[in-house]
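Per-chain numbering from 1; labels A, B, C, D, E, F and G assigned in written order.
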Amino acid sequence: MSGYFKELISGTKSLFIGLGITGKYFFEPVVTLQYPHEHLEMTPRYRGHIELIPNEETGEPKCIACGMCQKGCPSGCIEVKGEKREGVKGKVVTKYILNFTTCSLCGQCVESCKFGALRFSKEYNLASPRKEDFIFDLIEKLKEKS
Amino acid sequence: MSIPAFGDSLVTYLIIAALLFGIGFYGLVHRRTLIGMLIAGELILAGASINFMAFNRFLAPDPTVGQIFTLFIMGIAAAEAAIAMSIIIAVYRNYRSIDVDDVAELKG
Amino acid sequence: MVPLFSAEGLSSLLFIVIVMTTLLGAVIATHSERLIRAVAGLAIACIGVAGLYYYLHSPFVALMEMLIYVGAVCVTIVFAVMLADPNPEEDAAAGSIFTGPLSFALGIMVFWGLYAVSGKTSWVPPAARINDGSLEEVGKSLLTNYSMVFELISLVLLIAIIGSLVLARQGRTRTGGQS
Amino acid sequence: MLLAKIKEALQSLYEDIGDAAEIPAAADAVAAAATAAAPEAETLPEEATPEGEESKEEEVEETAAADAPAAAPPGPKETDYAAKGYHLDVELKPEKIPAAADILYRENFFIESITGVDWIDEQQLEAVYDFNHFDELCRVVIRTRTDRNNPEVPTISHIYQGANWHERETHDFFGIKFSGHPNLEPLLLPEDADFHPLLKDFKA
Amino acid sequence: MPEWLRVILFIIFVLSFAGLNAAYLVWCERKGAGHIQRRIGPKEVGPFGLLQPLADGAKLMSKQLFLPKGVDPILFMVAPLMVMVPAIMSFCVIPFSETFVAREINLGLLMIFAFASVNVLGLLLGSWGSANKYALIAGARCVSQNVAYEIPMLITTITMVMVTNTMNLNEIVRSQAGWFIHWHIFRLDMSLLMPVSFLIFFVCSLAETNRAPFDMAEAESELIAGAYTEYPGMGFGVFFMGEYANIVIGCALTAILFLGGWQAPIPLNFGGFLGVLWGMSWFFLKLYALIFTVIWIRWTYPRTQFYELLNLSWKVLIPISLFNLILTALQIKIFPWL
Amino acid sequence: MNGTLQQDVNQETFTLNLGPQHPATHGVLRVKLVMDGEYIVEAEPVLGYIHRMHEKMGENRTWAKFLPNCGRMDYLSALSYNHGYVAAVERAAKIEVPERAEYIRVITVELNRISSHLLWFGAFVLDLGGFTPLLYAFDDREFILDLLESVTGSRLTYCYFRFGGVYNDIDDAFIAGTREFIKKQRKRMPMYDALVTKNIILIKRLKEIGPISKDMARRYGATGPVARGSGINYDVRKHEPYSVYPELDFDIPVYEEGDSMARYMVRMDEIEQSMRIIEQALDKLPEGEIKPKKAVKMVKPEKGDYYHAVEAARGSFGVRLVSDGKNQAYRLKLRSPTYSNLSLYGEATKGMLLPDALALMGSLDLVIPEIDR
Amino acid sequence: MGKEVVQPPIIHFDTLDKILGLGRANSLWPMTFGLACCAIEMMATGAARFDLARFGAEVFRPSPRQCDVMIVAGTISKKMEPAVKTLYDQMPEPKWVIAMGNCAISGGPFVFEGQYGIVEGADKFLPVDIYIPGCPPRPEALIEGILELEEKVTGHRRWPRVEAK
């Protein structure tokens, strides 16, 4: 019988303690980051989709279309084509298609690039009513950006 | 335009009560399941209660009697419903049917 | 006769509505194919009956009718339907001779008899009333004149509770005991 | 300690034929499973009889010799834990599996997983059982090979209930039939699946 | 003012009150839940998200109306109304202030309980009519819960009727006039366990209205959406409105029975229109404080296990409320001068 | 007993299909329940609704290309799975890992374990009907995700470990942030204790509910907090030490009761232990390389099979590799802990009430993609 | 395949349609329906840090009958496909589908030659309205997806666009 009352009282007390905690939080400031009005800076290592790094002088992509990224990609979402041009060392990239919809953001393409021509973009809020929007032509994207 | 004051005549209530009683009786005979019969029985009780209340309102020298009777009927009806329900469920458990005929055939 | 657009007239109109509700409920209760609808019909009929009690100057009994019939009896029956009637599609009137027209005729006969009795009797109103039949008076009567019945009713209810518990339990053990 | 003990106990499965009598439950189940699967597995009932003992032993040696050209003596092999990740490597004939599981069960081992490997070049399917111990580090790997065209291994789900799912999964992926299994229906694959995706010759 | 005009005005008031209340209680609930959880809650739809209920309402009303396969069409459609209508009708006897009450009938308390019982049947029929196993389990649970909690609730109510000698809600409030220590919750001279009966009544009203932590009718993680699983669009909306109307009724009843209804905590009363406003503001203050508590509780506790819930009623609430009944009777009879 | 059961199945029971989309199953598990009223006569989980063919992909992809899959099996403690796979391949191909990389692995794995337990805590209370603790837990979890994102670049499905090391080095900001997080979390735990653990409703729902005996855990091969809640002192980190765990001092919380409360308590205590591990690892963190001196180019393990187990947040995660000497696996078996943990569900829930069974399911901490793989 | 052909209404109530559209767009109730990794990010979006509730979209209903938008968050396996389809069919019109994450868009990293288990994208059998790429997408992306959906429903965008740097 005493156990019954003990449990009753301690139980009721625990319920009031719980109310106290949530009540306290009710008056504490919110932690929400109101996205479209304010937004986070992505960390330098944030992995968005990949993008080409331009040569600082020419603005052309540093990529020489060696195809290592294409080979190293686990899900085969990169398609690179390049051609040999005169007066340029290595090849010149003519086509760099990233099918972002199958990418798993593992970073093996960036890792396998020996020329430092790839990096992760900071685009973190992509959404679109069209699927095709996410098959990126990275060369086009680079041009748009500059 | 005018309308008779229906709510104020004894015979109206008696007719309604008789109708309820008749419908209830019809249901009691017509229904073949225990629950259906129970529902019809409740209607019969309701008819009787209306009679009590009507006489209480129009004829009784002590107008508490009818009310008390009706309350008692309600009490009995609740008790009856509880008992009937448990019987029905017990019957159902044992015979997997609430059909009156099936129960009669099996004879426990 | 009272004018239609007066308090009495409107109340008379409302009375008709209530009577219709009651009878409609009763018909649904006895006639619908599915038991669950029959219970709903019973609930409607009970609400109608409660309205009638209100017209009979007894709001207390009216509210008790709702509380007990709708809140307790109907709910109990729905419960029983849920437990005992897995498929709601219930009997078609086959087999017994009592179903169909014969039962209808019986119902009519009962109604006719009652109607004849109530119509032919000459009801004499009482000369005087010893009280106004208010709730206080009901309460007093319950605890004085009818205290014995009151006690008995509570006894009946107690026995009913125990009895239904026993029955419910028994059902369980028998299912278990068969193996 | 435990390792040596369990090694010795498992060794008995290679040498001492009387073990079948020692562990009646498992043996019965094997026999029952064998009779249940009798039309498909004709060899099993023979081997369950005492007369087949000697020939069985020879067979074990033969398979062991065939699989391991290094000609190691039959029996549980201790392995280098640091390099391999397990302590004891036991290769058994399929019908010895329940007996081995029973030995491990008595020594309080728990089952980690069951899986298969498809050795398509040798036309064999291998079932691999991983056991481990809660108190002392001792990983035991039991493997058995069956014919790829009619893969059948007796179940151990009556000894280790946890094996039930693992065996179903292995059946899903490789089509190894675990005879005596109570409910060998697809677990991970759709209910009506009739393919075994982890076989090397599987094409979607 | 002629009687019929008063009644019509009151009907309009009650209907709009019930509708607005349901809509904005949802808003309060979402906002309150948000702040308890350290987030904002609805904000972008209108200032402070105040248009959120309207958007929800517009959406629910424009949702495709269809009857899921296998349901009993009549029961399915009638059930939400059976939850909603009695709740709205109960508003008629709630005294918002001394004079601001639709019908001051003598059996107000009983009437609310009588109508509340229809509510249970509505839920049960709706869950049965849905022809869904989860709904059915939820309905069955909900009824056993309602039956179990109706008992301590009625016993406590009877205690309160014994104390006040009336079932007229307005009379009950009037009997608590004066300083706030005259509110029933503080009247230890009438029953030593008065605060406990307040708690019991409040807990029971939580359970009767199927609110967390007793929300068996909508036990999301167990029974999908419980009794409402099959209800699309406005059917669901009406159920929801009925539920919130019931919460308001439950809290109003608690406020009236224990917290002095429209009585101010100090013996200060006005006449006329000012009096109505004065009384109403106190009543609403108490009412919404209680409702906030209900919301607050919902966002604090986990759900009780169903059988524990019944145990709580049968093993704790009923014995204590019975004891309380006897104690109160003794206290009133033996020490009538207190 | 069996007869009665059979009879009940024939007479008074009905089947309830829990899932594959049901709020309590956290994803796409389906449980076929045979119920007698609210009592469960039989429960049979049906799996495979998110079977993603990881093992098949392991045979189709090179060792390195399989890395992203690890994070997607158990997305709540992705780094443990990274660790398990990477360690198994390292064992097979005999790759040495620099000490600093091992420390970084331990720190990040333990952070990940805390975040996993926090999410479980929230989701479990959500299963029991309490919504707010979930949001508080998510609040704390966001801190960890921010920390891990600053190192690994992703929030959830990390692909951070590489053969012989890690992808990125950690910096001072990360270390400071981690220390701050631990400080904050230590203050936060008593709040959880008062709000949830001591709550009478929760205690009533978990105490003596869903008992799993030692023997049952063994027969089904349950590991991790499920086994530890049943009084089995088994943790791969202590039992079969790998990485730098032997150099760190921590305890294994073990509870004897075997009920849902015990499993709950084990996980709550583990959060504290993980914080201890992280603190020590941060103190001991050596300077040096994070990748092997000789870059790992082509991984080609010797022929044979290899096994490596790690302690993931849910139990022992084992990787069995069969290599035929090529640059991809011949066979890759992934032993996932919850697969075994869930397999005891049918036996454990016999005769239980539906809400209790759901509480038990929550206490098993299921991540369905990891079960189905 | 594709949206059902809805008969155009005989009478057009332009303003009413607009109001209803606004109502619908601002009260998108998603289904409590997670398939895999992305479901966790979906939960995170509803949590305090990002708070989907600001847009009135936090009412995760467990029953499809009361949902407006189905967020397909994760890989759809072939075994799961019929269930997803049923759930979609159980939702009352008007209804929308958001494919969250690469798996729901195209099968994501689980597509390989000879795969036997997954459906390569939710749009193979559902009319998808919004695609949110990522593996998994950040919570901001899901919010962005909800905003895009609102734009699609009402025809204009109320919120500023955030350009990622």
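Here is the rule we go by: a contact is a pair of C-beta atoms (placed from the backbone, for glycine too) under 8 Å apart; a residue touches a chain by one contact, two chains touch by 3 or more.
These numbers were taken from a predicted model, which means no experiment stands behind them.
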Any chain in contact with chain D as well as chain G: F
Chain hops separating chain F from chain D, counting only touching neighbours: 1
Most extensive contact between chains (C-beta pair count): B-C
Centroid distance [mean C-alpha coordinates] between chain F and chain C, Å: 60
For chain B paired with chain G, centre-to-centre distance based on mean C-alpha positions, whole Å: 55
Between chain E and chain B, distance of the C-alpha-averaged centres to the nearest whole Å: 32
Distance between chain centroids, defined by C-alpha means - chain A, chain E (Å): 49
Residues of chain B touching at least two other chains: 93
Junction residues of chain C - those touching two or more other chains: 60, 64, 72, 79, 81, 175
Multi-chain contact sites of chain A, meaning residues that touch two or more partners: 15, 18, 21-22, 25, 30-32, 34, 74-75, 104-105
Chain B - residues contacting chain C, complex: 1-7, 10-11, 13-27, 29-33, 35-36, 38-40, 42-43, 46, 49-50, 53-54, 56-65, 67-68, 70-72, 74-83, 85-90, 92-94, 98-99, 101
Residues of chain E that touch chain G when the two form their complex: 30, 34, 37-45, 49, 51-52, 54-59, 62-66, 68, 220, 224-225, 228-233, 236
Contact footprint of chain F on chain A as seen in their complex: 7, 10-12, 14-15, 17-18, 21-22, 25, 31, 43, 45-47, 72-75, 104-108, 111, 120
Interface residues, chain E side, partner chain A - complex: 32, 34-40, 43, 296-297, 299-301, 316
Complex contact set, residues of chain E against chain F: 33, 36-39, 133-134, 137, 141, 212-213, 215, 219-222, 224, 299-308
